[in-house]
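Both complexes below contain subunit A, partnered by subunit B and then by subunit C.
Let's look at the complex of A and B:
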């Protein structure tokens, strides 16, 4: 049966149901496109034959192949679109700099899309809240206090806060820091929010 | 509230499919018993059991839903579609007797999805099929809601074992609501946590996390 490779691409994404981005299956896409090309060419030939020799009995076969072409098209479109949704969520979960290991899973066009999305988001955020703009990726939950207690989960190095002082973030050290500086690092798993 | 930033395209409602929904694409991969109503020249190789050049008329084959939908017309000139066993009279009676005993995962796993899609193929039994699917859902819903709202911090595999895909996603939603509420009750709702995505990447051992 046709379209086996296409459905495999979809299953690959479905397996990572939590929103993780698997490696871009360039080979898979290429195979689906090749199958589409073959189906299309076979249909072209059969359409010409049906017209010139009055072989209307070929029409069911042409319809069959056409259904397969539409199916492959749908699978590829859904595959690419779902990956973009995952890449978009990366901006919100990780921030604007992605780890290299994740970047390797993206194809060149997807990286380009990510950069454009970052820019659109940044432009939008700058347009809010008067002159300074508003970082809407912060305070995903309503904050209860300006400063929070955090514990360092791994060695991160030096960290500068607004009044110029640097803090050394060493594993297991605990600090009392402004919420807006820590939120990003907590989401990335570097710090842990300690509730008293 | 656990903020979710990956929002996949949801499945369609009722008889509709969402073009870009991964769930609907997998649903439409399910096979239906069909019969060819005409010859399909030059496609013999598709129907692996025959080694003729063409698929002859009257061939019974298991066809994926997407293909059956594409080839079907109400005059049945190309294919005719039969209902799978579980939507037929015999099983419908079982479902109406007690919908809770049936293992819909084994029977499906897309019992509701496929049942709704079957309505595209005109059959005099469609109203009954639709009724059975609906009544089964109504019959089972209470138990699913109940168990999803009361299973806190425990292994739920026994509870979801016999649920179909739709029911499992309902159960998941219920669990998310329950866990959020419990966190709020404990005063943890204002705690900022590492995003689930990040934690999962770490578990699968992504070596160099540049922060």
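Let's look at the complex of A and C:
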């Protein structure tokens, strides 16, 4: 049946829960594009035949193939767009350097798009807040306090904070540190926010 | 040096600095740590909390953090040894020590710059005066003068020279004799001072008073200081008099905080925390267990009834019948007992206990109440936190257990507290079973100057007793039970040494000693020094790693010669 490959792609995205980015399905896209090419060529010959020989009984087939083509196009567009939205949210979650495991899942064009997005976000942030710019990717939820208590979940080693002093992050030690320094490490899973 | 104004000399100094908190692994230290953490959160003091379980861990933690921190706060560790010599810190490191271990090492007391003791000086400390133990060396100067005189005297006629010689030599002999006397006296004074190990005011109480002085105290902090004090009492570290005095102090704070509750119009919501003074039963965890189980597994009742014997069991049944409590009710969970029974329970039990010779069945303590379901006595929380600290279930490291126990003290972590209560119940049951088997099989032997009991490797739950706090609870309860069961009058006055396998792979045992059981015991323990001397004289391989010097780790092979040395030392 036509358009099944395209639906496979959509289902793949739906299965990946909660904004995770599965690997870019090169194969699937290629197959869908091939299918579209085959349909288009068939349609071309049929249209030429219908025009030259006046065979109007080919018209429903032509219409059907055209609908399949439109459907495939819509599915692929949806697939690519949804991936782009997920990649955009990665910038907000991971910061400007993505872990390599996620980078493997993106194709070259998506990486290119990500870099462009990073650049435009950075330009925007620099234009806010006077001379220094404003980092709007921090403090996604309104912070309740300047300092938070964090507990170290694994041995991380030395960690430098703003005034130059270093802290040794050892497993099961607890620290009371400025919120903005800890956010990165909390996202990476090295520290855990302790609420009492 | 002792800190006289804890706010100015401690808190105001560190409030703008980064501090390293090194906290020992016992419940009193956990409570003091929680109070200090809450104060630090108020004032945004950046700190790092590192749990320490022994001297070696303390040294490692210090080495790791000494580059980054100038100020160290030690809770329940560090007062009883020469800290500067052990840690070799830089000139500008400052240590604030809040410790209950006594006697405080004299170097720590007399060092003015680097060591500040957050300890109240009205505890009976008995510190020797400075001149008795430290003395500036002036002898070389005087000797030099004498030899100078000699050489001058050399140019004069021989008669005078001889006189000068004799005078100088006499002076030198006199001075040397004085020095020897002084040193002998010094040794004696230090020996007397350091011989007995005991405990002072709870660190949690000291921290609470700091919070109170700064008007930053809250009900949570008050509750933590109550738990810290109760821990000292449950572990039998302080005398009854001291406990009652400190309870009085805390009771004043409790009434101060409860002042708001009395106003009828603005009564507090049910979710707010209420602390109340109670004159409650001396039964462990009885509100979270059934009354019967609690009576069977609490030290006080089980040793009085002698529940390891059949005769004792019968007495217990009589006792219950005397109070008119049906067995079915008493074996149910406490919360499901009939209200009519629960109403007068304490008075009824007190009356019957007096008949059976248990005069102290009721003790002064505090309870906390928040929400509809949550009511805890201070001793419940102590048992739960101690069980979590020494949890052997999942084979986790000491620091994991420390973190879990620390969390369980917050009100928002009730599941951890309940888990702790479950573990505490198991621990109490194993303690009673071990006591019963030890007494029935006569495993407690009198070695002359002390009693000795060794837990064999095949004993059930012996892994639980490889931890110092559990072993010390076991030995204290065992001694109480033994004193009541033995017919030998002399044995009742002896202290007890308890040994249990600690690490089967490394082949070590944990040995601890406790003072004799007496009504008016001052809880002073001489085993710390005794163990050191015995280990030295037999060159046994021991590890004195624990902050309490009366608990050591010993190689199994050296056990017998170590004991022999102790017997000769103490008889």
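The criterion applied here is as follows: the second predicted complex is superposed on the first by the 196 of 196 C-alpha atoms of A that agree within 3 Å, B and C clash if a C-alpha of one lies under 4 Å from a C-alpha of the other, contacts with A are read in each partner's own complex, and residues count from 1 in each chain.
In this section, contacts are C-beta pairs under 8 Å (C-beta built on N, C-alpha and C of every residue); 3 or more make two chains touch, one makes a residue touch a chain.
Note that the structure is a prediction, hence the values are computed from the model and not measured.
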Partner chain in contact with A:177 - subunit B first, subunit C second, else both or neither: second
Touched partner set for A:195, first subunit B, second subunit C, both or neither: both
Touched partner set for A:108, first subunit B, second subunit C, both or neither: neither
Touched partner set for A:166, first subunit B, second subunit C, both or neither: second
Touched partner set for A:97, first subunit B, second subunit C, both or neither: first
Touched partner set for A:142, first subunit B, second subunit C, both or neither: first
Partner chain in contact with A:64 - subunit B first, subunit C second, else both or neither: first
Partner chain(s) touched by A:151 [first = subunit B, second = subunit C, both, neither]: second
Residue contacts on subunit A - larger count, subunit B or subunit C: B
Where subunit A meets both subunit C and subunit B, residue numbers: 195
Subunit C-touching residues of subunit A, taken from the complex the two chains share: 145-147, 149, 151, 165-168, 170-178, 194-196
Residue numbers on subunit A that touch subunit B, as the complex places them: 1-2, 7, 10-11, 13-14, 18-20, 46, 57-58, 60-61, 63-64, 66-68, 70-71, 74-75, 77-78, 81-82, 85-86, 88-90, 92-94, 97-102, 140-144, 148, 156, 182-183, 185-190, 192-193, 195
Parts of subunit C lying in touch with subunit A, wherever the complex brings them together: 18, 37, 40-41, 44-51, 64-65, 67-68, 397, 399-400, 402-403, 407, 410, 412
Residues of subunit B defined as touching subunit A within the complex: 1, 3, 5-9, 19-23, 25-26, 29, 38-43, 46, 64, 66-67, 70-71, 78, 187-202, 204, 206-211
